[in-house]
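Just dropping this structure here.
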Amino acid sequence: MSRRILVINPNSNERVTADIACAVEGLRIVGGPAIDCVTLAEGPPGIETQVHVDTVVEPLLRLARRESNRASAVVIACFSDPGLYSLREALDIPVHGIAESGFAVALTKGERFGIISILGRSIPRHRRYVASLGLGARLAGDRADVLVLGCAGMARHRKALEHRLGIPVVDPVQAAVGLAQLTLQIDGA
Amino acid sequence: MSRRILVINPNSNERVTADIACAVEGLRIVGGPAIDCVTLAEGPPGIETQVHVDTVVEPLLRLARRESNRASAVVIACFSDPGLYSLREALDIPVHGIAESGFAVALTKGERFGIISILGRSIPRHRRYVASLGLGARLAGDRADVLVLGCAGMARHRKALEHRLGIPVVDPVQAAVGLAQLTLQIDGA
Amino acid sequence: MSRRILVINPNSNERVTADIACAVEGLRIVGGPAIDCVTLAEGPPGIETQVHVDTVVEPLLRLARRESNRASAVVIACFSDPGLYSLREALDIPVHGIAESGFAVALTKGERFGIISILGRSIPRHRRYVASLGLGARLAGDRADVLVLGCAGMARHRKALEHRLGIPVVDPVQAAVGLAQLTLQIDGA
Amino acid sequence: MSRRILVINPNSNERVTADIACAVEGLRIVGGPAIDCVTLAEGPPGIETQVHVDTVVEPLLRLARRESNRASAVVIACFSDPGLYSLREALDIPVHGIAESGFAVALTKGERFGIISILGRSIPRHRRYVASLGLGARLAGDRADVLVLGCAGMARHRKALEHRLGIPVVDPVQAAVGLAQLTLQIDGA
Amino acid sequence: MSRRILVINPNSNERVTADIACAVEGLRIVGGPAIDCVTLAEGPPGIETQVHVDTVVEPLLRLARRESNRASAVVIACFSDPGLYSLREALDIPVHGIAESGFAVALTKGERFGIISILGRSIPRHRRYVASLGLGARLAGDRADVLVLGCAGMARHRKALEHRLGIPVVDPVQAAVGLAQLTLQIDGA
Amino acid sequence: MSRRILVINPNSNERVTADIACAVEGLRIVGGPAIDCVTLAEGPPGIETQVHVDTVVEPLLRLARRESNRASAVVIACFSDPGLYSLREALDIPVHGIAESGFAVALTKGERFGIISILGRSIPRHRRYVASLGLGARLAGDRADVLVLGCAGMARHRKALEHRLGIPVVDPVQAAVGLAQLTLQIDGA
């Protein structure tokens, strides 16, 4: 089987999946792995609450398990990284969360990063996650040297924001797909 | 309605529920809230993996929602605190996780606490959770001044361990039910 | 001897002791331990400086030692937790400080806690104490998800503040007495 | 000009440069940026001391400046990341250090990472660097979930180590070149 | 009045005061401040428990206040730094604790420091203090690059230990008196 | 040879050297070590960028090596502490950086310190350095209890600032020379 990165949008909004596909378009490599963006039909229309985050894991896991023998890596394209540790535990292939990947890339681009969140209530959830990753000292309270887009469907605003703000802006979907490719390349190297 | 603390064992093992009921027996207060320990029939036989932790949230949430108008507080009696933030978001009553509660009580009993885990693979999960709570500096690497039992059904070993080791041993179920009672008392005070 | 929680107000202001007694009124348990609030006659009128904090330990210790064979637990009802480690070292019964207890309870109620201090000069003292407890990451700089009242005699404002601010407010006296009860219950369980 | 990643081995040992070229061979992308590995002729035979780290910056900077208008990104292929902040300041193109990149990739592969160092005296230098990056909580003291090779010329041992140890092993050169490619792809995306 | 550094041994053991006087002998500066080492007659024979630490503050404060108009700086020569913040609050002259000073000097001599403690039960007290100072990351758990003698009367062993261990050893009394002199010099500079 | 502290101004501006000499004038001790302030002729006119910091190490090291057999200690009088670890590695005598020394002294004078920087772009460099020293928790974000002058030639403003702001202000040159003297005294004690 040729290699394939499966990018799963865990909400059921096809338009977000289209945005995600658009975001990773420029990352496709000739001869490299296919990048397929799919929608989790059983997902909620948007992942906006902790309940959404937690309850989407089960259908996400089912989809990932069903597809896993036809995938070389999985990217979970939601900024809450729902099910990241479950999928890592359940699958034998690399699993990338877009928030974790976004942070990893942001670390190499500036001293402290910020997160643009759509909903205020996501902030404590993001902060807990950053703390669990041991990255609290790099999360900026107010002024940031680099921004991470806190949502899977914002890539089309990345360049404009970067231009307007004059600081690096990281789209987490691109970060995750890129890291997935990189991991596959390194494994095959 | 008189007050009632609903203690949910999220695994389907009735014997663990019985152990839990036993652990909280001594905490019942005359004239205080009822303490009812129930089993989540849809839960796995044991919560041993990250997949168990994540996928149990949905049935746990359904049970909690169904019972919430007959409960004054909920205790999630599994050391991974599955669904803690979801239940807090979804319910209007206090929700206590036994790990979080166990840590809170342990903080007042010694300088650094340790966790007795049944399974080695739980250790990184516990460590991430402790880090997300900002309590990493109080988690002992090797020697501990106070121990937290890392499971819902270990209370009956608490005293013997305490005696044998000569250090405080915290049963997280007792800690959580006690904190639930305390919160109810304070709210009514 | 039946069980008894001795709550010591280390300042000599009887009115504060009355406030404290009022704060714990709702925590009394039928058949549970007696809760006696006493005033340290040798204490200063208020504990407002580091000198007060340090010099009150000796008379506090004398009182605690004198009473210890008639007490099952001691609560030090001053937010600086004066003599907490000395009393723990000197007595064979559990000793609870209201600040430490307040923080422990606050940890389970929101992401980051704040402290309402009466005097500005207390702030560095509180900050050093929170740091020594390893809880700095949970102390909010400016906006808080949960407030801890930074004084022993503020319980009567708790509900109004909670209502006005819309966030949980923890009275440390109630937290400490509640934790003392809980510890006694667990030991007897 | 077509895109080109310039990988600089800051020591003068051509054999190490050959090892580096070998390590990144599998990362080349059809139609992607060229990856050219060059040796810093003025560098010391090996970068083993703090003096080597500090004094190599000047010739490294000269080389990077001279080549910068013919490069799209620079990778500094030495685990001490010599001159990383200087080159970032002096050049208008992305600059990647292999240690920083290795850590970023390692963060996504396990809970805590370790570093295999050739020389014992490098350990405090690595620890200071990890601390300056705010990643101390992810650096394992003794047991590691993922290993970072602490040298530019070790990639050929990566797979064997990974197989032998049963944990992920990150070659920092591959991490840095991969992140450089990724950054270029994202900028062009 | 000519300048005078008052070094107070807060235990009543004259032999320790003699050791302290010996330790600072080499720090006397021609034309510099007098260095007078005095014994706190009301102190306990040794400061070995938390109760000693807390209850010595009152007589220490009385002595310091009585002497303060004849002193330019005070050094508290006990490794628990008893009353440090109280004396700073009560006096208008600089007050130096030997532990705090020892840590400050140790920070400039190696990456991580250790503490040689006489009594095992002092270890949690030291750890809490180091944490309250925000220096936990520099305290070595097991292996240390620099040692701080954890007692006021150990200076005579400093050189032998340094020689035997091959790492810097800091005597906290010398550190504190030296910092006191330095502060006076800077103020007069 | 009698003892001598060599203070090196690593920029080529003689006026800054004169300021430095002035700053340490009051620290000279009768019969104590000579304090000689010298200019690094090969240094840049000012050390304002990371490139300056990194590229000044080589000539600084040459000067220090050339002078080391006629010096008992070296002070690097630039707030970026350029070459601190290299000189420590290369020389057998104590080497003090003025920033590190300034921080060590500041720690004993207030709870949190701030840094007055001349250039905004120095801020991330200072922050990384403070983090690498493990002192991040003591660095104030906005309000500071004690200020460290972030430059070698600012000592003459120290007293006025201290008077104006009402908080301690630490000149790092004085701190470093004082610590150098202290270390020599202790070694000879």
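Observations on the structure shown:
Chains here go by letter, A, B, C, D, E and F, matching the order in which they are written, and residues are numbered from 1 within each.
The working rule: contacts are C-beta pairs under 8 Å (C-beta built on N, C-alpha and C of every residue); 3 or more make two chains touch, one makes a residue touch a chain.
Predicted model only: the values in this text are computed from it and were never measured.
Common neighbours of chain B and chain C, listed by label, are A, E. Among the pairs A-B and A-F, the greater number of C-beta contacts is found at A-B. For chain D, the chain whose average C-alpha position is most distant is C. If each chain is reduced to the centroid of its CA atoms, chain D and chain F end up 32 Å from each other. Once the centre of each chain is set as its mean CA position, chain B and chain F turn out to be 53 Å apart. With centres defined as mean CA coordinates, chain F is found 24 Å away from chain E. Shared interface positions of chain E, defined as residues touching 2 or more other chains, are 128, 131, 133-134, 136-137, 141.
Taken chain by chain, the contacts fit none of the simple shapes, being neither an open path, a ring, a star, nor a full set of pairwise contacts. Contact between chains, as defined at the top, is found for A-B, A-C, A-D, A-F, B-C, B-D, B-E, C-E, C-F, D-E, D-F, E-F.
Interface residues of chain D, counted against chain A in their complex, comprise 23-27, 29-32, 96, 100-101, 103-105, 107-108, 133-138, 155, 171, 174-175, 178-179, 181-183, 185-186, 188-189. Contact residues of chain F toward chain D in the complex are 49-51, 53-55, 57-58, 61, 83, 85-86, 88-90, 125, 128-129, 131-134, 136.
If you check the complex, the residues on chain D that touch chain B are 111, 137, 141, 145. For chain D in complex with chain E, the touching residues are 124, 127-128, 131, 136, 141.
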